[in-house]
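Labels run A, B and C following the written order; every chain starts at residue 1.
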Amino acid sequence: MQRPNYPSGKDLLSADAVSRFDLEDIIARAQRHLRDEELDKAGQPLPEQPPAPRRRPKVIATLFDQRSTRTRLGFQAAAARLGHQSIDAYDTDRSRLGTSTGESIEDHIHTVELYSDLLVVRSHMEDMPYRVSRLSYLPVINAGNGADEHPSQALVDIFAIREMRGEIEKLSIALSSDTRARFAVSFVKMLRLSPPKRFTLCCLRDVPINPVMREAMTVLADLGTKVSLVHDIRQTLDHDVLNIQMQDMSKFAHASLGNEAIDKEKESEPFTLTARKILDAKSDTLILNPLPRFSELDTSCDSLPNAGYFRQVQLSVPMRMAILERMLAGVPWTGQAGAFRSS
Amino acid sequence: MQRPNYPSGKDLLSADAVSRFDLEDIIARAQRHLRDEELDKAGQPLPEQPPAPRRRPKVIATLFDQRSTRTRLGFQAAAARLGHQSIDAYDTDRSRLGTSTGESIEDHIHTVELYSDLLVVRSHMEDMPYRVSRLSYLPVINAGNGADEHPSQALVDIFAIREMRGEIEKLSIALSSDTRARFAVSFVKMLRLSPPKRFTLCCLRDVPINPVMREAMTVLADLGTKVSLVHDIRQTLDHDVLNIQMQDMSKFAHASLGNEAIDKEKESEPFTLTARKILDAKSDTLILNPLPRFSELDTSCDSLPNAGYFRQVQLSVPMRMAILERMLAGVPWTGQAGAFRSS
Amino acid sequence: MQRPNYPSGKDLLSADAVSRFDLEDIIARAQRHLRDEELDKAGQPLPEQPPAPRRRPKVIATLFDQRSTRTRLGFQAAAARLGHQSIDAYDTDRSRLGTSTGESIEDHIHTVELYSDLLVVRSHMEDMPYRVSRLSYLPVINAGNGADEHPSQALVDIFAIREMRGEIEKLSIALSSDTRARFAVSFVKMLRLSPPKRFTLCCLRDVPINPVMREAMTVLADLGTKVSLVHDIRQTLDHDVLNIQMQDMSKFAHASLGNEAIDKEKESEPFTLTARKILDAKSDTLILNPLPRFSELDTSCDSLPNAGYFRQVQLSVPMRMAILERMLAGVPWTGQAGAFRSS
């Protein structure tokens, strides 16, 4: 079969792919879907659309070799909201894809691309979305690849800040996270498109900062953002926004296995956010979290007006709709195409 | 996120939620969907609908922590027949929801409710649908909770009787079942909305009757129904309707593991229905069964005109469509709101 | 419930069910869906359809007791492309259907048929699609039953040859396969509807030919096809078309477990096709493969113009759409109804 030339900019593999122009376009699309959602929830009819020519129903294929509830359901729900259907083209618990007794990844991708219109890939292997991107002429969304990136989550985060706190250029933004977390890398990279006044990274003192994160922060500094580093969550509570996740997955995963002693020490944990800390600081910082949360974000925060993370989930639906709609329409990403750096 | 006040009557958790008015409305809706089905199967076009304003495609989320084929597929099929899509928001074999290493149920529900329009919950935990109902502003259907209730099945049963035997007030109705079975409790509770002339419970002699069942029967008696108790299925075969399921799950589950001796004793089993018993009694009793069946209902009955259980499955589709349609339209249930009684 | 008489010709269980008339009709339908796909991929609107009366959304139920990626996803995608939805009515990893503790197959089929409009069945049991066909009034597609048949794959193969090489009556066609393979049996049976000029079977010398295959070849010979037998893939490379799969599943499954020595011997393997063999023979033979492939088809072939197997996958979508569309419309197959021969 004659393969078409793969158009440049077809994929969303990294925050690097998104230009300032793309960001404005995708946010305008997401706002339109959000308005539709609000009208619909209020029982109002949606704005009528001009008569459109008949098109084929679209099929979204998800290929996830890591378990996922939120991201998979989120893309399925966004596809359904657009009137499209999803197929689950990879099942981590049953598939033997890429093993010695199973089908090769190449053959599988060349098959699935002929059944569908867009591929959403999550993998523990960092180069997988890049491999799929090179193999297929279809648009590919990287929905998280190992310790590399998670650009659609970063678009959700940026949209959430814009909707809840306005223009990012006027804001001070903090991030408390393991600097190797993929959502965190994509988030800081995406901030370059609208550099905040201040950016503060809150992280463990004795763990080296991920070089990619360091580079993304240097880019922000070069664009005029005042960048700083802190090691206690309390020092972020004067910011407009705090995007928070666990600092050290291994440690906190262990803690979540039921060590109640750790829970009791929460107040003294420098990276755990509690309602008490927010109230003590008289903070009106907007709190975001990619969810699921671990011990970094105490449920005592949920009833405070600061808690933005469920509104963030709600905003993820129109943003994922916007991403799917734009890519299905063949609109290219005009940032850097990029390639996965294996070193 | 500012949570809306949860409207009263949004959920179908118990047969108590359904008023007489609601029942008439839901049956009228189910009849309309049934007519559409009959036209469609006959290759006829459906009645044209007046032009409607554009609405968002709807998403139904199923959360089942008990395995289910029939109920899950039934709601999926009903959603598809309405033009909606379903997402499987809980997978009992893979999810770690609510465990020490997984996400909390609260966070999961707060996420799923933002992806969807209605939640269908099945759980081995009796309080789960009530917890989900309190957590979410979305309408919630209890599709079976432990040994408590299964109200959508009861609506299917009532609809089946109405379609096959007419007005329930004029009928004699028997129930042969373990009195702790959730479908049985919901069925007898639902009968209060159109009390039959006679109601007979057929059950084991030496097992105490579930107090909730006893109370529901007292309600019927107070409404003028002649209520009685028997211990042999033959004594129900002069009734208009017999709703039958196994008497003792533990015993019959054991029997189904291949003890052929039990099969041979069927004729002497007081709670097993066979074609022979029906023919001997010259009975025209309509037989219902929530399916799957065990040894209580011999396949020899399938070819008799009495067998109503597959027609009952067929009627479950328009009834589930009616339930989804009504709840998605925000029409409240006007019976008692109720709450799960933990004692 | 009164069961309707099951119409003759409702099912696609064997290539025998397809008449020459049916074949022309299904290919015309597939070509129309293919044109729509090409327009859609080019960003063009599809031809407008005349206003149609309202119909119910259709539901396709898949019942697969063998694992499948390609066939299941292919039917799901085809259903979605037609605007229909699928339900997974059997899950091989979780269902206890037909076991002593689970529901009977009869009851399950009688339930699923009431939820859906068409059943797609794959089974390791050869009589299963025939049992389902007798049990249900719905149209049934045999998507592979043990070592018997796989007629929808044969329709895909015939369509692929027609699209890529034209009228089959003018062609020489070779098949290299285990003669017990179900796709191979259905393919040769289907060829009787447009007998090629030449037909060559390439198979192991010392393994007896499957009697059903031998019979199908005799039918071809009686229709005027020049039929011959060879034992080296090189002897098929002067044909117009070669449909190739592994010769001996047990042997090649073992080889695929990582015995690299076997890979190095490929050139000398008489049943393994490599680019070198094609180039040496200056062959323009069109290569088809039902996929997944094993060691019979080296990836070195993929970049040659001969490689037709991914185009074949692409053509499988409009063909599966045509099959579903035709059967959902109630158009009967007018070939032999047939029944599974247990001997």
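A few notes on this one:
One rule holds in what follows: contacts are C-beta pairs under 8 Å (C-beta built on N, C-alpha and C of every residue); 3 or more make two chains touch, one makes a residue touch a chain.
Nothing here was measured: the structure is a model prediction, and the numbers come from that model.
Taken as a contact graph, with one node per protein chain and an edge wherever two chains touch, the assembly is complete, since every chain touches every other chain. Both subunit B and subunit C derive from one sequence, and where they touch, under half of the residue numbers involved are common to the two copies.
With centres set at the average Cα position, the gap from subunit B to subunit C is 41 Å.
In subunit A, the residues that reach two or more other chains under the touch definition are 85. Residues 36-37, 40, 43, 45-49, 67, 69-70, 73-74, 76-77, 80-83, 85, 93, 253, 256-258, 291-293, 299, 307-308, 310-311, 313-314, 316-317 of subunit A are the ones that touch subunit B when the two sit in their complex. Those residues of subunit A whose C-beta lies close enough to touch subunit C in the complex are 1, 53-57, 59, 85, 87, 89, 94-95, 100-104, 106-108, 110-112, 114-116, 330.
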